[in-house]
Structures are given as structure tokens and as C-alpha cells.
Amino acid sequence: WQGTLYSMVVFGATMVVMFWASVFLYTSFYFTYMPQESITWPIHFQYNACEDRPGICTNPEAIISVTDPARGTLLARGQKYRVVVDLEMPESTTNQRLGNEPQPFSSGMFLVSMDMRSHGGESLRQASRSTMLRYKSSLLQTISTMAFAPFFLYGVQEEKQMVTVELFSQYEEDPVTPLSEVYVRLATKHVELYGAQLRIHAVFSGLRYLMYHYPLTAAALGIGICMVFLSAVVIFSWYQFSGSAGKQLGG
Amino acid sequence: WQGTLYSMVVFGATMVVMFWASVFLYTSFYFTYMPQESITWPIHFQYNACEDRPGICTNPEAIISVTDPARGTLLARGQKYRVVVDLEMPESTTNQRLGNEPQPFSSGMFLVSMDMRSHGGESLRQASRSTMLRYKSSLLQTISTMAFAPFFLYGVQEEKQMVTVELFSQYEEDPVTPLSEVYVRLATKHVELYGAQLRIHAVFSGLRYLMYHYPLTAAALGIGICMVFLSAVVIFSWYQFSGSAGKQLGG
Amino acid sequence: WQGTLYSMVVFGATMVVMFWASVFLYTSFYFTYMPQESITWPIHFQYNACEDRPGICTNPEAIISVTDPARGTLLARGQKYRVVVDLEMPESTTNQRLGNEPQPFSSGMFLVSMDMRSHGGESLRQASRSTMLRYKSSLLQTISTMAFAPFFLYGVQEEKQMVTVELFSQYEEDPVTPLSEVYVRLATKHVELYGAQLRIHAVFSGLRYLMYHYPLTAAALGIGICMVFLSAVVIFSWYQFSGSAGKQLGG
Amino acid sequence: WQGTLYSMVVFGATMVVMFWASVFLYTSFYFTYMPQESITWPIHFQYNACEDRPGICTNPEAIISVTDPARGTLLARGQKYRVVVDLEMPESTTNQRLGNEPQPFSSGMFLVSMDMRSHGGESLRQASRSTMLRYKSSLLQTISTMAFAPFFLYGVQEEKQMVTVELFSQYEEDPVTPLSEVYVRLATKHVELYGAQLRIHAVFSGLRYLMYHYPLTAAALGIGICMVFLSAVVIFSWYQFSGSAGKQLGG
């Protein structure tokens, strides 16, 4: 039975090698095929202050370079992206436009415009979306301030809102003219911001959706499929080898 | 009795085949005949901010492309549609026009205009409907805010209203000039919106009404009718076959 | 056993000498290799007062000389730095822009601009970042003042905020044109400052990160490595010596 | 044992004389070597009143002569000085810039300029620093006034602030052109002062730091060192004398 033991050892070793080869194959496939899920850049708005009075006198605008010096574009080919701007806005009187001024009931809405540009500065796609601070009545604000006063006093919470504006829900890059920089503009001079950021999320579909949301299942399946293929290759090679060996023995 | 057994097996198999054929027939009829019940598009309003003061200085307007790149028009021929705009409006002072400003008791009503346009930009049908925020007295608002304060504080509820405006109740497409884009315009500059959407609902009548509102009954009836027709065909074929077979046996 | 005792004494002395030599080597390496973690300069803003009314009529600006008379530049080569400006701002009405003035809802944001200059006054890198006082509603201010009144009255706390603006997150010096002075400018005339300072922080990575954040571990490792090398040198010398000595004895 | 008694008396007398000599030596060294720690001059600002309206129409300025008629310059050679201006400012509406004037949110900051001049009026060093009254919200002022009312009523406290501006932190005099007078200027016409003073503090380092901050230790050490030197001189003289005396006795 030495032959049997020998066969078992060979079989076991082959299985182990095949398993690790499959894991390696799947892992390299995963990192090659899956784009980065989410990329974030800070937006540093630029504007001119007014000459003779407080406030700003041009619309805040910013250009964000979204290329990677090493890899060029950061967006994967054939992948749909969701492009979002987060505005960190204080619930200030300027942002809320309350009070008894000459034009008392001006609308608090403002447009956020985005221009996706190629390397040469050419405009690829444009979008402009309306947004505004979520309204709180003064009574609700009073209640809120009273209720959360300890948190406000110790800086745990703040009187601000994070306003999220979706500019594109299905942005797909044209490989010929890749995205190089993003131009963002707030079409208002009466806004106050603590900060802003640009977020680009990959919207996974099909195989990528499976691999992103069910990573374990996808890994098990992928490794299994790899092993099946490898087994087929091994068994085929084995028969070839044993057949030629039997011929030689029988010859 | 072998012939009897043979007949029963043939009869049962024929019934099963006929049943599935009927189900298939009815299902394909259903999806061919029934248009999509409801289609929704977000409305992204565009406007110009004022130069020298807060607020907006043009009326918000938007153009929504309602065609599908693959199928062309999305509206079924001969089907009546109900076209509706949903406005998500905060119960803000601007929307409510409260307070003691120079023109204190201006009306809170405003018009929502819609222009259905063909591919060439030609206006097909127009409508304009008046709407306004549902009024709440300040006392009711105070009571409401006090009563629902915990929900407001934790963001479960919000001080907003969903205002639904019906623009067309019986819109039927002319097959010669299909609908391509919808132009929506709010005839006011003193409005605040969180968002808006365009909804087109199919208004079913006759058979479609039955099939939409009583799907099980309609399916049973439809499949039954199909089976009756198929049975007729089968029995007719059978007689034809047994007649010619009897002729051959008797010949 | 006198030879053994002699050997032990020699061994012990060698170990002690080697240990202190290693400590000396590591310490000198540490202070040569590690740049200063954080450097701070006060910013003395200059501006012109208005001729005919209170307030200032030019934008506050300052030039900070960041060279050391003895060593020239203070920034280490190949080291990334984070450049930050701290503004000590009172929560005053001017900074908050509240109240019933002609332009009531001007934005409280302003730009802080920085220009890194070489010795010849050439601009190396520029940045300009938006900032503003953190908003506090008047109710929250009232609560805060009431709650902390004893601290305010005895000067333990003050109604001010420390606003930190990050100008560069990854500033790396070009060795050819070293940084000589920093020009800082506030793009607003409606701001009040108690004081300001410029902070430059080294952002450690790799070996420097290890040596800065785990000084004890790094020291133990570094001294250990030094001792291993010194031991190798000593043992090599010893074999050389004993071999030549044995030759001489045997010769 | 008369010789022994004689020796003891001589020894004790020598010790006492030596001790007082050392004290005298150390004291004279102290007052020669240590510059005056702090010198204060009142600043008498000069300005022109407006012709046609209340207020002042030139910037307040003052020249302070900082020389001593007897000793010439007051600053020690090689000593670093900290130069400070104290402004005694009432918390008045003018200083706080509150109220409903045409330009309500002007900045309350102003520059204090200093020009160090030699005897010939030549400018040696200049500096100009921004300062402002510490902000107090009106609520805090109300609370403060209520809380300290009794002290205010009996004149123990006053509604004023002492604003300290550091003009130079490391002023060192050039011995060739000694400092003769200091020119101080407030770059604003909208300020109210009760008074002002110029303070020059010596920033001690090295031996002076020790002698200033640990006077007893330094005195003990200095007197001890003096006594050691004097003892050496006395013992040397004694041996010289007793040697020549022994020679004379033995000769």
C-alpha cells in the first residue's frame, strides 16, 4: 500500500497548492477589477471680500484636481459614479435669512454648479442643483438649544447642518477624455460655510455589486471556480502523464 | 384497458401543457398590454440668484427629459395619464409669508406651469395650476411643534409639507408627436423648496382597470379563457385525427 | 582560574563600553535625523486705520521671517510639514455680523491667504483658505454666558474662539530655494483679532513616525542594532588578535 | 598657651574682616553688574481736538525721554529688554464701537507704533503691534456691573481695562548709538484713554537670571567665593610673613 500512501500525499499536496493558487488568483482579480469605492477631496472655496462693507462680493468657487500624479485618472473605465458635494453650514441668521430686513422673505435656496473638466480645461459634463438649509422654526430652535445645551456648551454638538447635494447620480467617464478637474460654484453671495468636500462614490452593479456587498460569498464562489478550473487542468495533465507512462510500461 | 390508460395519460399531459401555455399567453399579453403604472423623475429647478441681496431673482424653472434612450417614448398609445408635480416645501417664514413686513398680507398662492413638449421643442399641451402651502395658524404650529418636538429633534419628522399639484388628469399622447420633454416653472420668486419630482400615473380604464386592480381575478379569467380556446383547438384537432384514424382503421 | 576571571572582567568592561557607545551613537543619530516637531511664531498684523471713521481700511497683513540666523532654514529636507494659522478672535458683534445694519445678512466668511517666499522674495507656494467664527445662536450665547459667568467675571475664561486654519497639509521644501519668509493676509477689513500665530508641524512618516511616536521602542531597537554591529566589530578584532597572538605563541 | 590664644584672636578677627570684605565686594559687584530690572515712564499723549465737532482729529502721539541726566543711557550693554506699553482704557462705547452709527461693524483693532530714537533723533528700531479692548458681550457686562456694583459705587473698581501691548520682546541696545527717546503713536482717532505708561523690563539670562531669581543662593555663593579668594591671599601672606619671621629668628 505504499503506492496508495504516496498517491494520497501527492493528492493532498496538490489540493493545498491549488487552494492557495486559487486564493491568490481571486485576490489579484479582486484588486484589479474592483475600483475604489469612495474618494473624498476637500473643497477650498475662493471669493473676493467686499471693498466697503462686510461680506463677500463674488460667488464662492473652487477647482479641485481629481487626478492622481502616479495613476492619472482615479475613475475606473465603464464604472458609474455618484458625485456628491457636502456643505458644512452653520444654522446662522445669514444662512437662514430670518429677521425684519428690507427684503424679508427672500428665498434661502441657492444653486450648486459643477463642471467636470478634462485635462485641457474642456467641459465634459455640467450640472447645477438647488439646495438650502433644512428649515427649523424659531420655536423648534429654542427647544433644540435648550434640550441640547450641555452638548453645545461643551462643544460635543454644534449648531450646524451637513447639507448634501447630489450633482450626478450616474457619472460615467469617457476613456478618451478622462476627468481631470472639477469646478464647483455656489451661486450665492449670502452663504456661510465651515467647510465643504467633494465625494465620488462608485455605484456597483452586476458582478461588482456582488463582490462589494457579499465579499465572503463572492470570495468562496470565486475561489471555488478557480479550483474547479485548476482541477480540470491537473486531472487532464494526470491522465496524459499516466497514459504515456502506461504506454511506456506496457511498451 | 391499456387503451384507456393511454388515453388518460395523453389527456393529463395535454391539460398540463395547455395550462402552462395559457399562463404564458396571459403573462405575455399582460406585459404587452399594460403600460408602466407610474414613472417618477426628479425636478432640478434652475434660477438666478440676486446680485445685490439674498434671494433669487428669476422664477425657478426646469426641463425634464422624459424619453427613454432605448424605447423612445415611455407613454403607451391610447392610454390616459395623470401628470402630477410634488413639491417638498419647508413650512418656513418665506413660504408662509408671515410677519410685519411692508406688504404683510400678500397671498401665499403661486402658479405651477407645465409645458409638454415634443422632440422639436414644440408645445403639445400646457397647463398651469395654483397651489399653496396648507395653512397652519401660529397657535397650531406652536402646539404641533411642542407635541412632536422629540420627533423633530431626532430628525424623524421635519417641519415640511409635501404639496402635490395635479397638472393634467387625462393626458393622452398623440402618437404622431410623442412627448419628449416637460418644462416646469414656478411663477414666484418667494418660495423655498427642498426638492421636487414629476410623477406620471397611468389612469386605467376598462380592461386595464380590471387587470390592474383585480390582478388575481383577471389572471384566472384570462388563463381560463385561454384554456377554453386551446381546448377547442385541441378537441377539434383530436376529432380530425381520430376521424382520419378511424377512416384508416375502417379502410 | 585567574585567566577566566580576567576574561570575565574584560568581557564585562567591553559590554559596558559598547552599551554606552551605542547609546551615544543612537542619541546623536536621533538629534541629527529628527527635525523639530513644531515651530511657532507670533503673527503681528499690520493695517491702516481709516481716516475719517473708526475701523481699519486696509486688509491686515504680516510678514513672518522663518529663518534661523545660525542655521538658515528651519525645515528639514524631504520632510512634509503642516502649516497652520491660529487666529484668536473675540465673539464680538463685528466678528459675528449680527444686528440691524443696512446689509444685514452679509457672510461672515473670510479668506486667509499665505504666500511662502524664498530669500529673494520669490513666491514658492500660495494658498488661500476660507474660514469663519463658529456660529452660536443668541440663545446659546445667553445660556453660555449665564452658565460660565463666574469664570468670565474672574477672567478664567473669555468670550473668544481660537480659529485654526490649515493652509498647507503637505508642505515640502525645495532644497534649491529654501523658505525664508511667510506672508499672511486676511482678506477682510471687518475682523477683530486679539492675536495670531503661525504653526509649522512636521508630519512624520516611516522611520521618523516610529521614532517620534514610540520613542522607547525605537531607542531599544536602535541601541540593540548598534550593539550588534559593535559586537561584530569587537569579536572580529578579538579573533584577529587571538589568532595573531596564538601564532606568536606557537611561533 | 598665650601664643595659641593670640593666634585664635588673630584668626577670628581675620575671619570677620574677610567676611565683611566679601559682603562688600559682592554687594558692589551686584549693583554694578545687575541692571535695573524694570523702568517705568508715564506716556503723555498729545493730539488736536476737532474744530467743528467733538472728538480728536489727529492720532495721539507722545515722545518719552528715556535717558538719565546723570548716567546717560539707562539700558545696560549686552542686556536684552522687553518693551511694553500699558494702556488704561475705559470700557466705553467709543472703545467698544457699539451702537447704531452709520458703519456699525467696523473693527475695534488699532495699531500701537513705537519708534526707538537715538540722541540725534535717528530711528533705531521700529515696531507696530495690533491691539484691542478685550470683548465683553452686553449680557456679560450687565452681569459684571450687577455683581460688582458696590465696588463700582465706592470707586474701588472701575469699568476699565488695562491693555498691555508688547512692542519688543528682545530689544538690545547698540552701544554706539544709545537709545535716547521713544516715540509712541496710536494709529486711531477713535480711542479713549485714562492714561498710559511705557515699561522696559530686563530679560535676564545666565548669571543675571540666577542673581535675579535666586538672590539668597547667589549671594551665599558669591560671598563664599570671595571669602575663598581672600583666604587664599591671607594664607599666602601669612606663610610669607612667618617664613621671613622664622628666617629672621633663626638668622
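Each chain carries a letter (A, B, C and D) given by its place in the written order, and its residues are counted from 1.
To be clear about the criterion, contacts are C-beta pairs under 8 Å (C-beta built on N, C-alpha and C of every residue); 3 or more make two chains touch, one makes a residue touch a chain.
This one's a predicted model, so the numbers in the text were calculated from it and none came from an experiment.
Note on connectivity: the fewest steps through touching chains from subunit A to subunit D is 2. In a homomeric contact, the two copies may use the same or different surfaces; for subunit A and subunit C, under half of the interface residue numbers are shared, pointing to different surfaces.
Its C-alpha atoms superposed on subunit D, subunit B is turned by 105 degrees; the angle is given in steps of 5.
Rounded to a whole number, the gap between the C-alpha centres of subunit B and subunit D is 86 angstrom. Separation between the centroids of subunit A and subunit B, computed from CA atoms only, is 32 Å. Taking each chain's centre as the average of its CA atoms, subunit B and subunit C sit 62 Å apart.
Subunit A has residues 54, 97, 100, 189-190 in contact with two or more other chains.
Those residues of subunit B whose C-beta lies close enough to touch subunit A in the complex are 44-50, 53-56, 60, 90-94, 97, 99-101, 141-142, 145-146, 149, 152-153, 158-160, 189-194. By the touch criterion stated above, subunit A contacts subunit B in their complex at residues 59, 97-98, 100, 102-111, 127-130, 132, 134-137, 139-140, 143-144, 147-148, 187-190.
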